[in-house]
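Look at the two complexes coming up: subunit A is in both, with subunit B in one and subunit C in the other.
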Partner chain A sequence: MEIIEKIKTNKSIDNLTEIQKICLDKLQASPLPNPKSEQWRLSNKSKFSNFLNYSVNEKKSKFDTPFPNTSQSTIRLVIGDNCQINFIEENYSIKQLSEDKLVKYIKEQISCFDKNENWSDLLNLSLNCTKNILGLKINGSEIPPIEIFSHASINSLNAKTLVIFLEKNCNIDLLQVNLGKDNSSLSQSTFVCLEENSSVNHGVVSYGENKSNLLNSLNVIQQNNSEYNLGSLHFKFNYARFEIRIKQSKGNAKTNIKGMQITKKDEQISTFTKIDFHGPNGFLDQINKSLADDKSHAIFEGSIIVPKIAQKTDASQLSRNLLLSNLAQIDTKPQLEIIADDVKCKHGATISQLNEEELFYMRTRGITLTEASKLQLSSYFQEIISFIPVSKDRWDLLDKLLNEN
Partner chain B sequence: MQSKMKESDPILEVENLSASTDNLPILKGVSLTVYPGEIHAIMGRNGCGKSTLSKIIAGHPSYNITNGDIKFLGENINSLEPEERAQLGIFLGFQYPIEIPGVSNLEFLRVSTNARRKFLNKEELDTFDFEELVKEKLEIVKMDHAFLSRSVNQGFSGGEKKRNEILQMALLEPKIAILDETDSGLDIDALRIVASGIKKISNAQTGIILITHYQRLLDEIKPNYVHVMSDGQIIKTGESDLALELEKKGYEWTDNFIKET
Partner chain C sequence: MVNENLVKNVVKEPYKYGFVTDIETEKIAKGLNEDIIRLISQKKEEPKFLLDFRLKAFKKWQKMKEPDWAGLGYKQIDYQDIIYYSAPKQKEKISSLDEVDPKLLETFDKLGIPLTEQKKLTNVAVDAVFDSVSIATTFREELAEHGVIFCSISEAVKNHSDLIEKYLGTVVPASDNYFAALNSAVFSDGSFVYIPKGVTCPMDLSSYFRINSGDSGQFERTLIIAEESSSVSYLEGCTAPMFDTNTLHAAVVELIALDHASIKYSTVQNWYAGDEEGIGGIFNFVTKRGKCLGKRSKISWSQVETGSAITWKYPSCLLLGEESVGEFYSVALTNNLQQADTGTKMIHIGPKTKSTIVSKGISAGNSINSYRGLVKMGTKATGSRNYSQCDSMLIGDQASANTFPYIKSQQPNSEIEHEASTCRISEDQLFYLQSRGIEFEEAVSMMVSGFCRDVFNQLPMEFAAEADKLLALKLEGSVG
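Our next item is the complex of A and B:
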């Protein structure tokens, strides 16, 4: 109940919005996620309470982007910046969603929420007043890459929400960057809706600083013939959860996911995915990689749901994990729920350590153990990083990872 | 047997070396000295300790030296890390070169070459300068430039892997190269290319140890000395005709030799 009181008594929120009220009502019934539920049972309780410990902060704080915007064509937005977005060009338009439409859409989403599965979204929408919700409607062609930043402030709990509607026949490269600060918690909820024949190359890069926490929830709805490609990377969080829910609402859609989480010290980072096929001829290719060092804990739980209506589904889910220390822990559970009888579905998981013979081979060529490990790790990271839509000359993520890990 | 009076100091001295892994003794007192310009062949049955000896000289962390010394240019290197030995100029050509998916061959070769150059106080090469150097060395092993853009040894045929080893040897310019069954898995043409590559790279200042089962490599590269290993020891050393004798007699006599001694 503490979190509900915290939201209600937050001085920076004058009047609760309609959405906040609805979500608070739902949270009253379920003030905390059920620790015994599948989605939350491995979550570190003390770290999770630490997430909720910070006071809610709606104030705007100074923000430095992690890499310069050297490309004039890239559109860069910061959630909470309050500027009116309205790009109308010959070939495309990017407009801000009206408040009515935004509220209507979010209410529809909330009506389908499960109290455990969507607890992170409920919290996000309870905390969030309208200024930290960014809604975009995008259409047209030859759309420049879009970068959207969310960030937390030091010693506070911040909530940011992003809603994106991609209209028919529209293709975009979207990079979402979530940044944690010292002793902070960031709640990020994202809703992406892809209409027919649209496609998104979506990169989600989240990284924190000392003692930062993250609840990152991503909800995607794909219509016919849409293609959703997600490349994600989460690292340097005391506690982070990345929840991905994708629904191919009418089938005939393609989803590709390449995700990675890196944990060190006593960090815990988890990824939960639920891919729901609601029509025939759906396609999924998913790989999730975890790398756990020191005393850290990495978790992956993935489920693929193929009901009777989803005949001819072709889905693959693979969890690959690298354990770098005897004290680190990895939990992985890829799962399939198949009712349809004419499908091609596979899943698998591997846990291994750095290959010692590879290391020895490199060392016999004069490469130090540290460099050899870095080379091995870079090959491990590369598959995921190359899937994230951000140009190398502007932000070398691989260098950042190798230098920080 | 190594009676020729040497004009220079030895490159490598293995003195009464014993080693084990998981408390299992593998080497039981091996001694071997290699001078500049010499080619030594080590022959013996599978499991006699030939490959283990090469790995121990290269510094494999899974083996413990229980007795004896390995000296390189007069300095004891027993406690050096594999990369330190490589930087000094010890090269091990692997019997089964390791595949490293995701690491480009070009980058791997460049990082390795620069590690050795740094030790030799030579200027490190950037990608462009390195490409020039590697182009020249590719000629030695008749390798196509396309091999450089692939992952290290991944998808290479047996012959391509071995040629890639010799390419690395050419780039690293070692003082001593230990080539572990470089001839295995090679057809006649590939064997000639590899053998010719080894001959081009070796010179009066370098030493070579060839570990092999067969005479055919030694037909291409004539060794100064042939050593026969059995049960973790060198039981006989001779000149190149010893290899021909082994080819005729096989290794059965080594069992009797061990029993008798």
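Our next item is the complex of A and C:
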């Protein structure tokens, strides 16, 4: 209830928007997610209440992007910047969604929300006034890469929302960067809608600083023949949750997901994915990697749902985990729920530490233990990082990870 | 394309164990309260510690809520509408099988259970439990020569109360879960096995559970203790008549293996599963757990689950002893409106412990078949390993196959591997077999049998053949 009161008495918002009112009403019924529900069972309660503890009043703060924009052709946007977006070129157009359309779409989404599963989205939309919601409608081809930044200011709980419509036959590279500041909480909700024959290479890189927190929710709807490729990386958060919900609404769509989370100190980072096949011939290839060190806790829960209509689905899910310390822990739970009979579905999970034989081999060749471990880790990270659409000369993620781990 | 009509026309084998034995029984009043528990305890002439154990469990049960996390949609059980003790009337003391009511012997004969003298040649000692009581235990003298104690738990309470007091409830405490608490309060009979130090049990031991009356539940309790360097193979079978009502079966099995001991526990569960409309059938809520207490001890669970309207069963291993081993091999077949939520828990506590899980689920008709398992590596389980494999086969597009593995590790120096896959009867393989002159049904049955082979190989000989046949019968008419 406390969070609802905080939103209602937020001084930086004059009037609650229609969406805020609807979401607040829903939140009123379940002010906090049910800690016994499968999605929230393993969530650290004190870290979660710490997430909600910050002031919801938005403070103006200086924002520095983590890497310079060296390429003229890259489109760079910061949610909450309030500038008018309108790129119209010969081959493509990127327009801001009108408020009516945006409200209509979000209302449609809210109507299907489940109070536990979509609790993060409900919180996000309750917190958010219009200026922190960015809606884009993209069409055309040869679109330059798009980079979108979200950040929270120090000592506050901020929410940012991104809605993207990809029209038919449209291909883009989209990099989303969520930055956490010292003692801050960021609630990020993203809605992506892919129309027929469209494809997106979506990168989500989230990293924080000391004691920063993140609730990151991603909702994707894929139409026929669309392709959605997601590469994600989450690290350096005191508490972070990444929720991915993908619905192949008519089947015949392709989804590739490669995600990674790295936890150190006493951090907790969790990834929840739910892939829903609502038509035949769907394809999924998912790999999620976790690395837990010190006293940290990494969690992965993934579910694949194949109802009767989704015949000829081909889905695979793999959870690979490295546990590097005696005090760290890893929980993983890949799940299959299948009714259609003509399907190929499989999942796998492994938990282990760095391969000792490989380490030994490298050491016999004069490589130090630290270097050998780094080499192993870099190959572990590389599979995921190479899937994130950001070029190495602009931002060397591998270097960043290895130097910080 | 699999010919649906052909398949549906295959004659269905009725549930052949669905007959009722017309025998005079002694039943107590319906309902559950302290007086009923006292009455059960009094009828069984139990010592005070056991009555206290029951009453304590009952108090805990009253405070507990029926679990709903498995999402099994069954109608509410009215615990006050169940008879908690029902026994066939017979002479006070039975000294030999000749004194057992011939009708009972006939019943077990019909079920293929070797109670009578001529069938004893099969070299399997049997403890036959009919409703709430144990009717007879065979080969007792032969086993006693080796120091093996094999008797009903009621007898063990009277004759070996020290062992019962020491071990009962140590693996599955009364407060473990709702159904274990209920069982601890009202358990009526079951089997007790004690294998002394250094003894390899000279024959397979077996218990056969038969529910005969429709209004009484069966709450048996099994306790097996394997002392240092001993080993035993134990088989369990169960059937029930066909009733339109649902009958509750809530059992508890506790296994204890000390240093270098090994226990192999095999089950073929063929309770009545209800008819095609889902009317009737047994609600089977079972808590089975083994404790590998000693160094290099081993507990192996193998099960073939084909019956019951609802199955809720997770045979588990607590791997405490250094280098102890836990195994779980399971085939679960569901048809019509059956629901099976089964799996295992492998809790690695001691160092260098190992566990293997192989689970095969086959779902046909409108059934739901779920594997739910937990593998946990504790902080002290250095050098431990787990391998899990869960395969599901779907027959028809109305059945559902789910896999919910929970994996938790707190020990970096351990390895966990899990893999799961889902498939259906391959048309290519079917075509290949049919083109070689193999009948359709036989081809299907061969493929199912091949799918389950990893598990059948682990079953004792007597059971493997029976399980194979059982699966083929159960599947008839369901492919399509």
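Going forward, the second predicted complex is superposed on the first by the 403 of 405 C-alpha atoms of A that agree within 3 Å, B and C clash if a C-alpha of one lies under 4 Å from a C-alpha of the other, contacts with A are read in each partner's own complex, and residues count from 1 in each chain.
Assume a residue touches a chain if its C-beta (ideal position, glycine included) is under 8 Å from a C-beta of that chain, and two chains touch if they have at least 3 such contacts.
Since the model is a prediction, treat every value here as computed from it, not as a measurement.
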Looking at A:Ala349, would you say it contacts subunit B, subunit C, both, or neither? Reply first, second, both or neither. second
Quick check for you: in the superposed arrangement, does A:Gln382 touch first (subunit B), second (subunit C), both or neither? first
Looking at A:Asp341, would you say it contacts subunit B, subunit C, both, or neither? Reply first, second, both or neither. second
Looking at A:Lys308 after the superposition, I want to know if it touches subunit B, subunit C, both of them or none. Which is it: first, second, both, neither? second
Using the touch criterion from the header, give the chain among subunit B and subunit C with more contacted residues in subunit A. C
Residue numbers of subunit A touching subunit C in their complex, please. 308, 311, 321, 323-326, 328-353
In the complex, the residues of subunit C that touch subunit A are 377, 379, 392, 394-424
Using the touch rule from the top, collect the residues of subunit B that touch subunit A in their complex. 58-62, 81-83, 85-87, 91-92, 94, 97-98, 100-103, 107-108, 111-112, 115-116, 119, 151, 168, 172
Per the contact definition, I'd like the list of subunit A residues that touch subunit B in the complex. 356-358, 360-369, 371-372, 375-376, 378-380, 382-383
